[in-house]
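For clarity, chains are labelled A, B and C in written order, and residue numbers in each chain start from 1.
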Amino acid sequence: MKNSNCVVKLAVLLMMVLVPAFCLAGDLDAFKGEKQGLKISGGTAHIPVMEEAAKRIMSFNPDIQITIAGGGSGAGIKQVGEGLVDIGNSGRKATDEEIAKYGLVTHMWAIDGVAPVVNPKNKVKALSKEQLQDIYAGKITGWKDLGGEDRAINIYTRDESSGTREVFWEKALNKGEISGKANVVASNGAMKSGVANDPYAIGYMSVGYLDESVAPVVLDTVTPSIATVKSGEYKVSRGLYSNTKGEAAGLVKAFIDYLSSPEGRKIVMEKGFIPAD
Amino acid sequence: MDFQDRVFRTVFFGASVLSAGVTVAVLGFMILLSLPVLKMGFLWEVLTSPWSPGRGQFGILPMMAGTLALAFLSLLVSLPVSLGCAFFMEILHPRGAGALLKKLVHFMTAVPTVIYGFVGVFLLVPLVQEFFAYGSGMCILSASLMLGLVISPTLILFFSESFSRVPQHYLNAVDSLGGTVFQKLRHVILPQAWPGMLTGMVLAFGRAMGDTLIALMISGNAVLMPSSLLDSTRTLTAHIALIFAADFDSTEFKILFISGIVLYAMTSLGILFARYFHKRALS
Amino acid sequence: MTRSVPDRLLSFFSWACALSLISALFIIIGFLVLKGYKALTPELIFGDVRPLDALLLKRQVFGGLFPAMAGTFFLILLSMALALPLGLASGIYLAEFAPSGTKRVLSFLFDILSGIPSIVVGLFGFSITIFLHHYFGGRIFPCLLISALSLAFLVLPYIIRTTQIALESLPLSLRLTAPALGATKARNIFYVLLPSSLSGIISGLILAMGRCAEDTAVIMLTGAVATAGIPKSVFSGFEALPFYIYYMASEYSGPPELMKAYGAALILLILCTVLFVFSHGIKHLLRAKTQYLPNPL
């Protein structure tokens, strides 16, 4: 009698421990028992999603250590190719050449756009593609010519490693020139704080990064936003990729699968992107 | 020499060779890694052309000019202030206020560069932008003002040391002849302390060239030959930090090692000069 | 006393310079303190985790500075452990053993080393990593160990120089006493010379620690990352305070993150101030002691 009582108590106790764990975990189950490190680098647009996912995974299983670095899409692709990181993120699709050279496998988990942005104080909030190209080429140099204040335009751009720059240059600038006078910043975050602090700035960044500190520029009558990217109206769009060298396995696979799980998709949406199908 | 001594001497000698080996290894590694570029025979092109990877131009000339311009201007900013401070604490007020100033200057050497950069971004840059109503505020002027502040402790401490090395009886002689403080400075202290001051200037210039954070954070990083104080510029150090992330096989990346070699050469040249002047100061 | 016009101008100029330097320093510190003091709360460091849980590594801290502070701590510890033996031994060799020709060559090389910009040292550290990565079957990555090693190279000349100067500035009488009594050179060094020059050496070491704590350029090329948590081994990436400040200065997502960056800057400033005060304190304390005891034996 006493014995069975004990067994019941034990069973109840076990249930109390296990059931909530199962209920809460769900999509995180794959990380149980893993004890390794996971190194991620590359695209800076990806970082908010990566950080949130890492936080949840590392809270669920403190034995896992996930490190996240920026560097830009080029860096992500090259570093994963050289085997320096496990996952290399890119805000553009890896080229066929890169895929062949390193044996990359690409995983697209979100859709994003690249929006031209100005400071919210700037009166100029709509441009045609030609105007945008002329600004970046250095042909239009003053806001006055566009109906704004009589001040010089401060152009902000990204370094050559940036996937955001690549997409913007290809789809918004039609591969036009980017003036050498442009200030160069190293990430989407730096672009946002740069434009937010400079009333006469123009820059471009991931649509997922848009908030009230910067104003998106209406490009040829289309306002860049998650909605217009989703509907296909806003054409300067791109996928967000996580690349692995060869097929992902183990913890790497678990992480990439997590990004497409219901919980992962929720994180992607919370951070301002569109989960890929 | 007994056995124990010989063992210790050998161990210590080994350690010294190892440490000195680092100096050589840094240069060696960079030459090794930039060899592909050197072999392709466009070293000259790299040193003399602009940077535009899109067009296949990988020159670091604008960055070299940026580095020199920024170092020169920051020295220009810092020189008069440092001279005044050194004079203040060695000649005018050797005790009391001067000693306090010296303590503060010593403390400044301990303040992290990233903090100067951080305050530069959030205090100096907006001020410069507002004041000149031009550009983003991330410009040569902002960077050289901040960099001037960063190198001033080096200058001040070297100046004050050179001043203090002027023999006291020279100074007494001027005093007894009824010379003014200004005459003392002009005819005795400055000529006597000059070699030591030059050492300090060369070393401070080297520090300014080698600094990464200030340039990276507040000079704007545009690849542009510097032409105006309010223009943005990129230094070699910032260039390394920015391009570092790129592709290991690319030409861009290999050029980094050339940038490294150029920096190494420029600062080593500075050290050579400094050692030469230092020797003259001591003799 | 009447003073000539140039003298007055000179005095005015010196006062102006001294005051402008001091005010620049105070504006910088004041700006940080005014903007950042509100951020100095336990949450800044530990986020929403209980401090004890974080310190005992029971829970990972997210959104707090704890991982960055731990990273900086380990970085200082590791790089000093690497640089100390090498630097001390080299300094002793230069001061006590080296023949003048060798000494000239070595001190020339150490001078060059001390002038190499930290970003170049970082680049060197990174190229070593790539080298090792290729030759060790891809098991070496930019990591805490590589950063510490590169930082050790950076502070090596400081340690060598302070050791050498501390030893060389000892009075001749002290230097000769023990050998005159029949002590070997090694014994003289370890029992007489090193203990008497301890103040100089230790204060130099602490300054070198400050250098390890503040350097950003080296670690951004050799393993510092945006998010890592507490480093689990020397072969993993890590967060560090100066890198966090640099990163957040441009990456902050809004006012709360910016506040944390101000808080981090204040903490780093406090850390470096403490090290600085320590270094000076030890110098004066030990100097007073050694002067009081004429014979340290």
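Brief remarks follow.
We take it that a residue touches a chain if its C-beta (ideal position, glycine included) is under 8 Å from a C-beta of that chain, and two chains touch if they have at least 3 such contacts.
Treat the numbers as computed from the prediction; the structure is a model and nothing was measured.
Ranked by separation of Cα centres from subunit B, the top chain is A.
Across the structure, the highest number of inter-chain C-beta contacts is found for B-C. Centroids of subunit A and subunit C (each the mean of its C-alpha atoms) stand 36 Å apart.
Subunit B and subunit C have Cα centroids separated by 18 Å. Within subunit C, contacts with two or more other chains are made by residues 130, 250. Shared interface positions of subunit B, defined as residues touching 2 or more other chains, are 248. The residues of subunit A that reach two or more other chains are 70, 82, 185-186, 194, listed in rising order. Residues of subunit C touching subunit B in their complex: 3-4, 6-7, 9-11, 13-18, 20-22, 24-25, 27-28, 31-32, 35, 85-87, 89-90, 92-94, 96-98, 105-106, 108-121, 123-124, 126-128, 130-131, 153, 156, 160, 184-186, 189, 207, 210, 213-214, 216-217, 220-221, 242, 245-246, 249-250, 261, 265, 268-269, 272-273, 275-276, 280. Against subunit A, the residues of subunit B that register as touching in their complex are 50, 52-54, 125-126, 129, 133-138, 220-224, 231-232, 234, 242-243, 245-249, 252.
Touching subunit A in their complex are the following residues of subunit C: 59-60, 62, 130, 133, 138, 141-142, 225-229, 231-232, 236-238, 250-254. Of all residues in subunit A, those touching subunit B in their complex are 70-72, 74-75, 77-78, 82, 151-152, 154, 156, 159-161, 180-186, 194, 197-198, 200-201. Residues of subunit B that touch subunit C in their complex: 1-2, 4-5, 8-9, 11-16, 18-20, 22-26, 29-30, 33, 80-85, 87-89, 92, 97, 101, 104-108, 110-119, 121-123, 149, 152, 156, 180-183, 185, 203, 206, 209-213, 216-217, 237, 240-241, 244, 248, 256-257, 260, 263-264, 267-268, 270-271, 274-275.
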